[in-house]
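Each of the next two complexes has chain A plus one more chain, namely chain B in the first and chain C in the second.
Now for the complex of A and B:
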């Protein structure tokens, strides 16, 4: 039968019935239902299994604090585990599956854990899986891994998109219950820019779950009319389905808006969720309060829930978990639940009040001074056993039990900056303390004002104060009439003598576990949390922490405030990783930088490699080449034989201008730059202030007051930052300006014996680039087909070489022009691999050698550090420890057996020495196969390497089983005199 | 966090990169007798206060100013933001 437990009334739309499935079975609900309310209306109380003991569980709450009713929502790629049925908005066609059970929810084989619970007490894992040690990897860990975890992932890519957004406001109001609505109204009517955010899809908070009136309207009607007014105001942004998940520094809040979770699939072009960053000048925490349970024997059966949740299901959703219910309370609010349910025609078995002096009723029985001592019903509550004031016992038949242990203000966001909440005796609960996040104030139930009148009043008052801070005169609305019941609560946390009284239903922590932890000396709340897992997982103990603290306090003979709370951290409710990632996923994970020749390189079939964010052509395979080495060997050989062309745009380029430009470079580089003539390039080595090499490159002097500095691709950003630091912080009066022009210029290397002949065909004829007019290390402005460009005669490959640059937009045209011009020379285009091979053959240091541990001395450039001037790093490069007799020196290595390789990372040992760290002589930094020499080569650092040329050393890499001899040689394998550069 | 840039007004901290103690402005004189010792102190000895701290931030995603930000490390409250260049000049640095 359909919806047997559906009552009259409620805020559901009976004109919009909706079908849904739970564990394969079809049900009907209505628009406005949550999955939990619709299941209850269909007389389904069992919705999940607990984490550890696999005990049958139903919803404990009607909101985001839910520990039990967590399900897998949807199927296929959109499957989402650990979704709370209590907040999942029903839509037509929704499918949900229970989790943490096998083979079915009603019969779960793992429930055997429950029988063995004696063995699974707090600290079970720490005590049990200790020995034998060999068992850990083979036996224990696989078992734990299989048993651990809640729900399962689809393992398919998420088909939905997520977005991020930024909002600014004068006042952020967190929570749209009576307090938040009134605060927002006050601020909005006063002209402030207001954002009102609430996690629910229906704004109004508890007003939607209560039967009393506000002013001359129903509570929910009043809320709806206020939301209507606010939504129509241009200075208000009303955000339903939006959870403020964290309070960050300086008034910044994180909020997740569930844009499409209530739809089968997101509308076209809409994200599933948006992560908002809200910049607020002031914020009001109007997050309300959460009812807390009481721990008693077997208090976790499906049907046992918070009294306020029971009331919400009946009043808001017209759904009752059972036809006959009881209420267990220590305060007057529990009686309101009984009265409301009675009015809706639900039979009240009794109200069990722990107090002897609580209210009585004419409509149903109230058992004063009584406690629930036990419950029955395996898959759902059937009976509760009550111990009466006189000590006698009574058994009540009921299918649901509402439990009310008082209310806890939702202080979480108030404590996100480590401010500790303070205890308030009259409500027996924590309220936000003094040290709130900057600009935040708490109001209403979040501040301990639990009556509706108190909440409305507090909303106006706190908003007025916030407006004062903003310098806005408050336009105070008149308060509607509302209930103003006093809070009568006598703290009552747990029924004594219970064997299995559940505190944390999500983690299966009982009152006894807390006692055990205390007995084993876990006396700090943070330790208690880790040892028992109390307050962990998806609900973060919203309904359980207070109970645990109370028991801890009792055992330690302290008050609850002395024991204190654990630290509250964002996010307030579980947040999907996809939401935090936003659009930064797949190909948009981070920006991709492409060089101006990218399209051309793609046309050539280039294989690309990521270098930082850049995509660079790694090599260009030709027809018939099946291995990358074939391509690279060809590119290298042909470049050295004739001419090769390579895109070097990614090298960092920094324009340095000003009367003091040369003085500035003299500070930045360890070698001198003051006397570099105009039209010349000089190699420069930059040190860090601690004397370690930072980066190297060239500086070309285009004019007296104008240099172009190049950096390595990887260090471009860091070097620029460093140069600005030196300019602004160390030498603020130097007349020099810097700008990064890396992306402004496309730059190509043209290298090889025919480089000049090729370029001659490309640059405009008026430029004389003969060896006499444009010698090695010359630079100058040129033009190519009338387009201004720059030419640098510098070489990384060791060949006669140039780098030619044009503004980026001409980069594609230039590469095509160079390649066309190169046809008659059989010019080759080469990628980063060939570039690397040629620089290793030449013995040039690169990133592998400038690795953050090496000095100029290590690099064989010790004499470059000019002692007659002040430059960054020169003083500390003189430290004794960096200048020892046996300092590492950059040298070359070739295998004694030419068939062997020289793998980078392998270490060097003196022949005959022990192979261990104490006898380490150095290591290989870069290695390759040299097509010109016909064998592998490497360069690396060897102790006193420069004096050991010709020595045979042992190359070892125990992990990769390398162990053979190499000969120490000069790092300059090709043209050591540099003749080729100068022809 | 929000950093009130002296030229650009309030900017999100994500636009900046952090370097550390603003004492890095006090680079020693390389020609001093004990220059090596001074540079070792300069390079390696920093205080790490719980409380007010003057530190260097670089507006990398913005106008590339180096700033001296006075921040309480326990609360993240920022009480002062200056252009590092002005601070350097005030403290006698020049060329």
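Now for the complex of A and C:
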């Protein structure tokens, strides 16, 4: 059975046959087909099962508004659920599977739901699964999840990539039907930069689905020649397969270009899709209109579709769903479908026109003033029952029924910024209102001009207005001759008395469900949507919302515009999360920052840790070390015993210059900086405006008007931003300039008793770095192997220590030089773990202590907040609540039983007190094993901690079952007097 | 300063000893290391003096907002009100910042930025197709002499257009690998 429903003609390429599979069965179609058109050509009408009742369904439409023909496209990792067969472009080897059915599409066990539909009316979830509450998570939800839902995910990583991009234009034309083509041509010939985007792969909109002519060409031929002209113009970007999904602020639009969806796999290096951000000065919404169905009894059988879709399948794709069809209409456009199908040799059973005065035909029967009262056919339409004007009934045999209830302009993008559409009586539909997104105008069918002539004219007129705004003189093209027939619609929304007349076929919402919602007082349109699920899911009610509104209006005794529409939100059509993510996924989720010693560290087999975006060496395992603690203990011990080297490039460095540089630092830091001598470094603490500690670091004075400020690695960006804010907004009258130099200098810490001896071998001999010439907290310029550098005598470890910096390009050379020079001292290179151990041993606060809740007082630095000057945060740090007698103070802790640990996060309790929040005395912030002391240690905050040294407190962590005693000690476990720093 | 010792071998931002060159389709992507950079920010109230100093040094008027100038050796691009980045060959001007400090004589704050940035030059046709996948900077509207600060794959970068077939990207040096990857990915996607 091969393409038995394929007709002559159409815009398909019969020289390019294509094989594809649906539910495991092989079929053939042609280039230019969609999956839906190819299946219809192969006499397949049944393409899916509905969401709730698992009713058999076929395509309702021939476009992106499709609610029914939803399939899983492709297989394996590329499987994409909930894809519309009506827009899936056929390619050779395409595979598709129907979804939401078991075991097969023709026999679906869950179709039993349909028999139980009485129980599943609107709101049934809310009424049924209320009790017992405990059943929801364990019983109800898993059952509902299994039974309902759409397609299934592959659960494999998406093998394709997605780009994000940025485009700019004078005029964005959304939709390339007659309106959009004419608007683009007008603007393009006038010299504007134009982007013309359309979701279809063949541009032309309805012109590709009609048999009339435009000018002296066929409608599709005219569209093709215009696309050809536009494509050849350098100021025009023609974008097929591109859906404008959202209208955002300031003329910015989101658009998804499906670059490779029509290919078996994307070409090498090419993305599957691109999410474009289009910056437009003006935009024209030429998105056309969507035909709407009529609700009647059993109106969802495969074969029942919109009349315009039926016409599209026959004219554009030369595919008919059946050999014998009928049309049910309330307007003249339905008759065009019948005429076109008749001309193609499809038998017309009858045209059923709700109007008594509609047109008649010589070629087929027209039943005036009639309505479809019922349909038959389990897996596809076989008969329709018609109630004639005289009240009698007639049964028509047909395999397809085209339904036309009029047309709705596609106002969605016009309403993305909450502008409400307005009702237009003559077309019984909403059109874009007055409050459109800035720079947008609507044109053509999207504005309610449904004839081809009207669309062409509107395209030129609206483009001319847009060009006028841009100050471009319009070069108006001559309008080709085109049909100008009115639609003559008489509103008709649903056939009375139907038991199961489907409004929203995707969510199985019937006219009766709307009545139930009204009866239960869910009359607001937003409530109606949530209560019945009308207009939800992948199609967002493009074919159903109007029907629901009309019935609600009827019931509430209001007009449709009084009922109003729900809010339109982006995206216009479903958009893959991968498209929104773009390249920012997996290892490319964020950039990586590498230190100057990265290559060397890799050579040593370093274990890296992410700190912010930096990759820092965590420790350097040596042969025979099987546990990280062995490496870290060795690095710590050897540094304290001899000398250790650590890459500290990641610490933020901010160059502060200007005549008021010192004054500026006096504002930034709570401790004084004005009198720091040139050639000296001072430790500084920054407070937030609210008096809480923000960051700490050092400032080195390189000249009277020049400092280098260091920040913690994690806060480098935040501190720089804060300083820029202070400079630009709080003290714009100060002469101070800032720039980050974090990346410019490779900086290494050299720490330990042999630090000076090692460094002396490295720095050029003319530099005296003796204790006398270069004392503790000195800084200055230096050279290493003829390369200019900087030397700072500062220490984080508590040892005699220096930080030496060279331009980053020499960072790799310097680490190698330091390591080589250190050989005679058995120098180690240490990572962040050893760095952490040594700073805890020394009692230095870091990120764990500067945790956004602590003050200088808590940190034991209360006296640093200088009261003789005004600095940021100093006033608010005096708040009463921050200065209570029992304020938390940073102290050290050691376990009473030396074999126990002091885990960070554990809380402190006074011996004998109850263990609860009310009796909480504080908590451990940082902890480690100290190889120098031979047991675990911790630092943390304890109420009045500075007065409780020697007290035994209880350390508890109920979640990790920690409960033992620790002794309160000084936070400075090593060299509390700081003698080692100054030798 | 002592003579340069032969163990102080510079590395490129990508970690090599020689700049990396990649070609794909019509585009050649080159890691450029021979660039010295100094930031030049006018001191408060001395803007016109600073501007004169810089113009004299460059031999051309300073670039306006969003613009760059290129001389035989020296160049500059605008980075903010009354501030610029000054560029020169690293081989001849490694001490560019130090050279500028006495000329400015307190009218501008000058900071060495040589190694704060990695620089990649894209040469060839179809660069607009590449950049529209990278950043919102409208390269199609550029004819040469434009400069902007923008974000490329989350990295704050300068994009400087010498001409439509030669565009420079300067990004944070530590993320040179990520930036190079982003550029190559866009080149392969576009061509």
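Basically, the second predicted complex is superposed on the first by the 982 of 983 C-alpha atoms of A that agree within 3 Å, B and C clash if a C-alpha of one lies under 4 Å from a C-alpha of the other, contacts with A are read in each partner's own complex, and residues count from 1 in each chain.
To be clear about the criterion, a residue touches a chain if its C-beta (ideal position, glycine included) is under 8 Å from a C-beta of that chain, and two chains touch if they have at least 3 such contacts.
Remember, predicted model here, so these are calculated numbers, not experimental data.
J.: Touch test for A:438: chain B only (first), chain C only (second), both, or neither?
T.: In the superposition, A:438 touches chain B alone.
J.: With the two complexes superposed on chain A, say which partner A:788 touches: chain B (first), chain C (second), both, or neither.
T.: second
J.: Applying the touch criterion given at the start, work out whether A:250 contacts chain B, chain C, both or neither, answering first, second, both or neither.
T.: first
J.: In the overlaid three-chain picture, which partner chain does A:66 touch, first (chain B) or second (chain C), both, or neither?
T.: A:66 sits against neither chain B nor chain C.
J.: Looking at A:878, would you say it contacts chain B, chain C, both, or neither? Reply first, second, both or neither.
T.: A:878 sits against chain B, while chain C stays out of touch.
J.: According to the stated criteria, A:353 is in contact with first (chain B), second (chain C), both, or neither; which is it?
T.: Touch status of A:353: no partner.
J.: If we overlay the two complexes on their shared chain A, which of chain B and chain C does A:766 touch? Say first, second, both or neither.
T.: Second partner only, chain C.
J.: After lining up the shared chain so the two structures overlap, which partner does A:663 touch, if you call chain B first and chain C second: first, second, both or neither?
T.: Once the two structures are laid over each other on A, A:663 reaches chain B alone.
J.: Given the touch rule stated above, what does A:724 touch, chain B (first), chain C (second), both, or neither?
T.: It touches chain B, and chain C stays clear.
J.: Quick check on my understanding: which residues of chain A belong to both its chain B contact set and its chain C contact set?
T.: 279, 660, 733-734
J.: Contact residues on chain A for chain B in the complex?
T.: Within the complex, chain A touches chain B at residues 248-252, 279, 417, 438, 660, 663, 689-690, 717, 721, 724-725, 728-734, 870, 874-876, 878-879.
J.: List the residues on chain C that touch chain A in their complex, please.
T.: These residues of chain C touch chain A: 1-5, 7-13, 15, 33, 39, 41, 43-45, 83, 95, 106, 109-117, 132-133, 135-138, 140-141, 153-155, 172-179, 181-182, 185-186, 188-189.
J.: Going by the contact rule set out above, which residues of chain B touch chain A in the complex?
T.: Contact set of chain B toward chain A: 1-2, 13, 17, 19, 24-25, 27-28, 30-31, 35-36, 39-40, 42-43, 56, 58, 60, 64-66, 75-78, 83-85, 87-89, 93-95.
J.: Could you list, by residue number, the parts of chain A that touch chain C in their complex?
T.: 161, 163-168, 268-271, 274, 277, 279, 583-584, 588, 590-596, 598-599, 613-614, 649, 655, 657-660, 705-706, 733-737, 739-746, 764-766, 783-788, 806-814, 816-817
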